[in-house]
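Read through the structures below before going on.
Across the two complexes that follow, chain A remains constant while its partner is chain B and subsequently chain C.
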Partner chain A sequence: MKYVSLVLISHSYEIVSGLKKLLSQVQPDVPIAIAGGAEGGIGTNALDIQTAIESVYSEKGVVVLFDLGSALINAEMALEMLEPHENIKIADAPLVEGAYAAVVEAGLGSSLSEVVRASESAKELVKIHR
Partner chain B sequence: MIEKEVTVTIENGLHARPAAQLVQQASQYQSKLELVIGQQKINAKSILHLMSVAISEGQTIKVMVDGEDEQEAWTFIASFLQPGNESTLR
Partner chain C sequence: MLWDVEQAKKWIKRLNDKIQENKAYLTELDQAIGDGDHGLNMARGLQEAASKIANSHYDDLGSLFKDVGMTLIAKVGGASGPLYGTAFMKASLVLKDRKEADRNAFVAAFSAALDGLKMRGKAQVGDKTMIDVWDPVIAWMKSHETIRANELVDLSKEKMEDTKELEAKKGRAAYLGRRSVGHLDPGAVSSYLLFASLAESFEKGESAP
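And now, the complex of A and B:
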């Protein structure tokens, strides 16, 4: 695989479904999987996250982005359920901006750590200059 | 070093998709590629820099290109920012 893959996690299926649609338009070559909602409602599910990671996993690496705190618990649980995983990283980043930065960086063929850095740098982004 | 003003004619401005394309293609040049928007100077090869500015259609910005392939890089960025207007660039 040429590109680092992304996994998007949200408490809402519609959020990550819409975000994936946006990112696929920006950069159609980067593999993206989503895990959103739980049991048809709001929440996150470790098994869904695990399945999502497995579906886009490659040696090049996977960056996992999540929306709100408790999604992290299930993301970490999903990583524990997977085989040893040096090349799967959870990014400490805002979901939309971080995923956008990550998909562009990944599309340049950048390494896992570069993609993680790009997404985490989105935290520092000033959106309105007054 | 090439330094010129360009009026952006990308329809609806430099939104998410063209910004990503700009970074992708700008990264193929060796030259330093910078855009000056008002008080801000940004690196056109950095998606985070591009995300931090809003460049709208009709806005005039300064383009600064510096490096061995600056002529090629300038031609690229000028035609990128002014699609369909290549003839007036040189």
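And now, the complex of A and C:
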């Protein structure tokens, strides 16, 4: 696989479903999987996250992005349930801006650590210059 | 005195009863300082776990705990699914191949469950979470040779009520900061229900192993 893959996690299926559409328009070649909602409603589920990671996993690596608190707890749990992999990383980044930065970086063929760094740098992003 | 598979089954059945009875109450508490899904999530997960173990045969406590843990991970959304799920999974490792638990194994299992909760949730005592019930209850278990049902209920109730005055440091409630003071933590309340029903599983309401 040429590109680092992305996994997007949200409490809402619609949020990650829409975000994936947005990102695919930017970089159609970067593999993206989503895990959104739980039991047909709002929430996150470790088993769904595990499945999403497996569906886009490659040696090149996977960056996982999430929205709010318990999504992180479930993402960490999913990683523990998978075979131990050095090349799956959870990014500490805002979901939309972080995923946008990540897909641009991944689309350049960058390494896992570069994609993680790009997504985490979205925390510093100034959106309005006053 | 020993705590066996039948008592563990009784515990989960009673816990499910209590969660169903308090579903609206837990939701109301969570709507005040969280995202309002705790009652619904716990009711769904415990119902599933209770039916699963009622219809299964277990040769050891470990496999019963593992089934409960996996069901909670799969069926309870939010933070409480992976938290309670991890607690049961960690305890299941201690109880593996044990038909019954003596006092030491019982305490070791609940101690491992607490370690799992801390590892998964990264919360400390005082953060206004389920840890504020679990930590003192496990410390009390460790320091008492005889684990009496009434003392377990009283202690977990008292610690649950103490969360009212704390300021939330974890979860969605942390976004409220000072405004979380004056509300009970929903996870502490469901943890109290867990220990209250555990107490009911002790034979004749006296003491555990």
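One rule holds in what follows: the second predicted complex is superposed on the first by the 130 of 130 C-alpha atoms of A that agree within 3 Å, B and C clash if a C-alpha of one lies under 4 Å from a C-alpha of the other, contacts with A are read in each partner's own complex, and residues count from 1 in each chain.
We adopt the following convention: a contact is a pair of C-beta atoms (placed from the backbone, for glycine too) under 8 Å apart; a residue touches a chain by one contact, two chains touch by 3 or more.
Small disclaimer: the values here were computed from a predicted structure and weren't measured.
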Touched partner set for A:Met77, first chain B, second chain C, both or neither: second
Considering only touches as defined above, state whether A:Gly41 meets chain B (first), chain C (second), both or neither. second
Sites on chain A touched by chain C in the complex: 11, 38-39, 41-47, 68-70, 73-74, 76-77
Chain A residues touching chain B in their complex are 22, 25-27, 97, 100-101, 103-105, 107-108, 118, 121-122, 124-127, 129
Along chain C, where are the residues that touch chain A in the complex? 35, 37, 41, 44, 73-75, 77-79, 81-83, 85-86, 120-121, 170-172
Would you mind writing out the residues of chain B in touch with chain A in their complex? 16-17, 19-20, 23-24, 27, 38-40, 47-48, 51-53
